[in-house]
Amino acid sequence: MVEYLLGLGVLVAVYAINAVSLNLQVGVTGLMNFGQVAFVGIGGYSVAICGRYGLGWITGFIVGAVLAGAFGAAVGRLGRTLASDYWAIATLALAELIRLVVLNQDRLTGGPQGIGDITGVWGNLSGPARAVATLATVGVLLVVAALIAQRLTGGQYGRVLRTIRENQDLAASLGHDVVSAKIRIMALSAALASISGSFYAMYISFIGPSQLLPFATFLVFTMVVVGGLGNNLGAVAGAALIAVLYDVTRFLPQFIPLSADQVASLRILVVGVVLLAFLLTRTRGLVPETMRTFDARR
Amino acid sequence: MRYLETLRLGRLAFAALGVVVVTAACAAGGEQSPAATALPEPNAALQGTVVIGAVLPLTGTNATIGKDQKRGIDLAVADINSRNGVLGKRLEVKVEDSEGRADAAIQAARKLVGVDKVPAVIGEYSSGITIPLQQFLQSSNVVGVNSGSSSTEIRNTGPLQFSVIGLDDVAGAFTAKALRDKGYQTIAVLAPNNAYGSGIVKSVSAAFQKLGGKVTTSGLYNEGQADYRQELQRLRDSNPDAYVLTTYGKDGTTINSQAFELGMTDKPVFDIYLSQDVPDADPASVQGRVGMDVNSIAASGKAYQESYRKAFGEEFISSFNGLSYDAVSLLAAAIDKAGGTDPAAIAAALPQVSDTFVGVTGPLKLDQDGQRVDQPYVIATVDDGRIVPQ
Amino acid sequence: MMEVLTDAAVRGSIVALLAVGLTLVQGTLRFANIAHVEFATLGAYGAAALTGAGLTLWAGSVLSIAGVAAFSVVLYRVVFRRLLASGPMIALIGALAVGIIARALLQFVFGSRPLKLPVPLSRGMSIGDATVTPNQIRLVVIAVVLLVLTLAVLRWTQLGRAIRAVAADPDLAEVSGLNRARIADMLWLVSAGLAGAAGILLAMDSAVAPELGFNLLLPVFAAAIVGGLGSVAGAIVAAYAIALAEALILRIDFGSFVDGFGYIAVSYRPAVGFVLLVAMLALRPQGLMGKAVRRG
């Protein structure tokens, strides 16, 4: 049981990093990225492919972050003239495109069966010790990611991003380079998401195209909305809540007699309903964004 | 005023929706459950339980197969519990849903290993899921028994990992010989784009070419599409003597229907693992088809067929129930031999027990890699939607 | 060549029916409804349920389409309008959520195994080098009729003029006496109705499954955007053009330049639409026939 809970903790932490990344894009800057799963996938596949060619997992992490960052920057650049809904669809399309390429490129990515036997995390340990070490490692990654995000959103730069979110034209008229800001935040967020993907791939020792489906992005969106758009702590809280909710619902059949199809769809339904409920009633989420006041006395 | 109007309209609409949903549920539910089901009664003398696990595709593309695998398990458990159980206790198999995805399968296995503390896990069906699943089980020091995947890569998943299903090289050779015996010089092959499909294509092509034949083209279709006409047309354009097909799930239904519509069934179609796709197909689209399958559909499996019919009220819906039945029986025997539920002991006992074990799909002897040595196959045809062994 | 054309005709028809509905709603209500394709899935399941309960295919289809159309109005009033009031970002995520809920509910009620509509299996007939089933011919004919009707309604009826007025300038339209709410209702009836019809036609040609509509999400958006959001004629042209491009590219045997077979994998089919979509968004965001995009 303990190991299961520790495993759940790792899952939460991985999702939390992902959520912090998405929050920077959606919550802080207003960039509706429906292709988040692509960044995560780039991280996972980089680690797997580098491992395959004997390059070691550190190289994998770095390659993933760099590739994802570059891709994020490119996608951010695409948003230069687009309204948010067009851009959102474009990001969804690009993520699906990446999934299709991965699905068909047998030699590089292993095609539909993916790449297995990736070097695990803390392989020299075993049992509870391994679980604790893994949780500690991803916990550190999460703290670093959160600190970076907090730094970014706390100061002047954060105010610029928020202005872009509220009113792009105003931001531009104030002299900020909107395009460059978008590009940079996309690149950084993509790198963070990639890190979470790399870690998860090593954790389950497997990466496959089924992990690049759009539902993964929807799940993280739910986390960010429920947690609180624009708030880093909110993103983490949302990740914890939704990740646990989604995983724990697998125990439902023990209480309610349901067919397998019904259990699987019920778990997804719960996520969808929670998201919609928050959007209809509490758009600011559980931990609302705190607006800094321009108080001269402080 | 507006609000009330909306509320009234909304209530009316939802009531209407409710009616539709209930009608639908009745309609949908009506076609699913067959006649009365009766599993064997358990032996009242058994005290306590021995728990093992299973990860099956209960939802997703392969849900039909997963459902049938579960039936095999349920039947085996009931049979065992109606006799002497395992170690004098009742056997219980906790089945988790892999959802047809590797990461979900591993999460499910994580729960079985971490929470239910099972010493062994049966599963899965798709080679692309069984391989990482067994790798995970191996690293958790838990025994794995594969009862559905046939990719030859499964050979190397680890010393605690076993298979009760013959791997692709055996199936490929058998199929190729059957095709040559029928006099076909050229064939075109279609299989799903996953470890299972690519394994089948490779082994059938290699074996067929070794016997002097030629493969005009082979195609791997990506699962989950609504339309397979493009893939089928490519096969048709290559003009072979016969088509070789292996497919399952909802894709199988679509492929079989569209092959019929395209007129491809005018040429001979050979189906690998008939019971994977024939039960879900429109009978007109598979009439007269020839194919191969695992032994449990043959005459020697009559007693098992009878008990399946009695338990579930219909004929086999796939070839795979017998294999998971055998997986459970073999594991139970190994646990009895090992005298306990220590995974290492079970792993040591399995090869020993398998030497003389004959399951409903034939002799289950395992080789030094823990893979099944001898998998008898059977040729059959399809008549009026039913599989008839020759 | 005939195969390419028939392929494009069938797929283009379905995508066009959906894209028209999408572009109408986007143009008038400024709402990029990601859940739009689910109306197709709902329509197909409705027909499956009703025919399963004993109705004929025609009766079941018509009733199902009516049901989906009515439901879309309720959905708009109860959910989408509230979301839109909170802003385009919330509305977009909300549409996402509605889509997920719709698919999950359908899977909950009907299971994930595909259902079939009671259409008899039939041999295709040869037209040139193509094999076409009577079902497919019926599909294209019905679709074209519906599309032409829609264009006619928009062009020549009072309702059509009203819709175009609201799309051009909602405030001015309201001030000049047009009932925006009623027009919105009619809009949803038309667009969801078309989507429901598309779903049933598609299901007749393949099968009913929860992902029926969702698999078309990107080609449909591609068609709507490439055609110019708000332009119905543009969406129709773009839909068939994209379908044609898809069919052409898949037929090219790149291997003729090298040895052996060199076809592009069939699953790359939607990629053609994506590439066109991304290219269009990058180069000409207002689409082929649309007005200039507004900043969001």
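A, B and C are the chain letters, set down in written order, and residue numbers restart from 1 in every chain.
The rule we apply is simple: a contact is a pair of C-beta atoms (placed from the backbone, for glycine too) under 8 Å apart; a residue touches a chain by one contact, two chains touch by 3 or more.
Everything numeric in this text was worked out from a predicted model, so none of it was measured.
Novice: Using the contact definition given at the top, which chains are in touch with both subunit A and subunit B?
Specialist: Of all the chains present, those in contact with both subunit A and subunit B are C.
Novice: Going by average Cα coordinates, which chain is farthest removed from subunit A?
Specialist: It is B whose centre lies farthest from that of subunit A.
Novice: What whole-number Å value describes the gap between the mean CA coordinates of subunit B and subunit C?
Specialist: 36
Novice: How many Å are there between the centre of subunit A and the centre of subunit C, using C-alpha atoms for each centre?
Specialist: Taking the average C-alpha coordinate of subunit A and of subunit C, the gap between them is 30 Å.
Novice: If I count partner chains per residue in subunit B, which residues reach a count of at least 2?
Specialist: 59, 63, 193, 222
Novice: Return the residues of subunit A touching two or more other chains; collapse runs of consecutive numbers into ranges.
Specialist: Those would be 103-104, 261, 264-265.
Novice: Can you list the residues of subunit C that touch 2 or more other chains?
Specialist: Correct list: 107, 111-113, 265, 267.
Novice: Could you list, by residue number, the parts of subunit A that touch subunit C in their complex?
Specialist: Contacts found on subunit A: 26, 30, 32, 34, 78, 81-90, 92-94, 96-97, 100, 103-104, 168-169, 215, 218, 221-222, 225, 259, 261-262, 264-266, 268-269, 271-273, 275-276, 279-280, 283.
Novice: Quick check on the complex: what are the subunit C residues that touch subunit A?
Specialist: So the residues of subunit C touching subunit A come out as 26, 32, 34, 79, 82-83, 86, 88-90, 92-94, 96-98, 100-101, 103-105, 107-108, 111-113, 217-218, 221-222, 225, 265, 267-268, 270-271, 274-275, 277-278, 281-282, 285, 293-296.
Novice: Which bits of subunit B are touching subunit C when the two form their complex?
Specialist: Subunit B reaches subunit C through residues 6, 9-10, 13-14, 16-17, 20-21, 23-28, 30-32, 59-60, 63-64, 193, 217, 221-222, 224-231, 233-234, 250, 253-254, 257, 260-263, 282, 284-285.
Novice: In the complex formed with subunit B, which residues of subunit A make contact?
Specialist: Touch residues, subunit A against subunit B: 1, 3-4, 7, 103-104, 106, 111-114, 116-117, 120, 204-206, 208, 210-211, 247, 250, 260-261, 263-265.
Novice: Would you pull the subunit C residues touching subunit B in the complex into a rising list?
Specialist: Residue positions touching the partner: 3, 7, 11, 45-46, 48-50, 52-53, 67, 70-71, 73-74, 77-78, 107, 109-116, 121-124, 131, 133, 202, 205-207, 209, 211-212, 215, 250, 261, 263, 265-267, 269.
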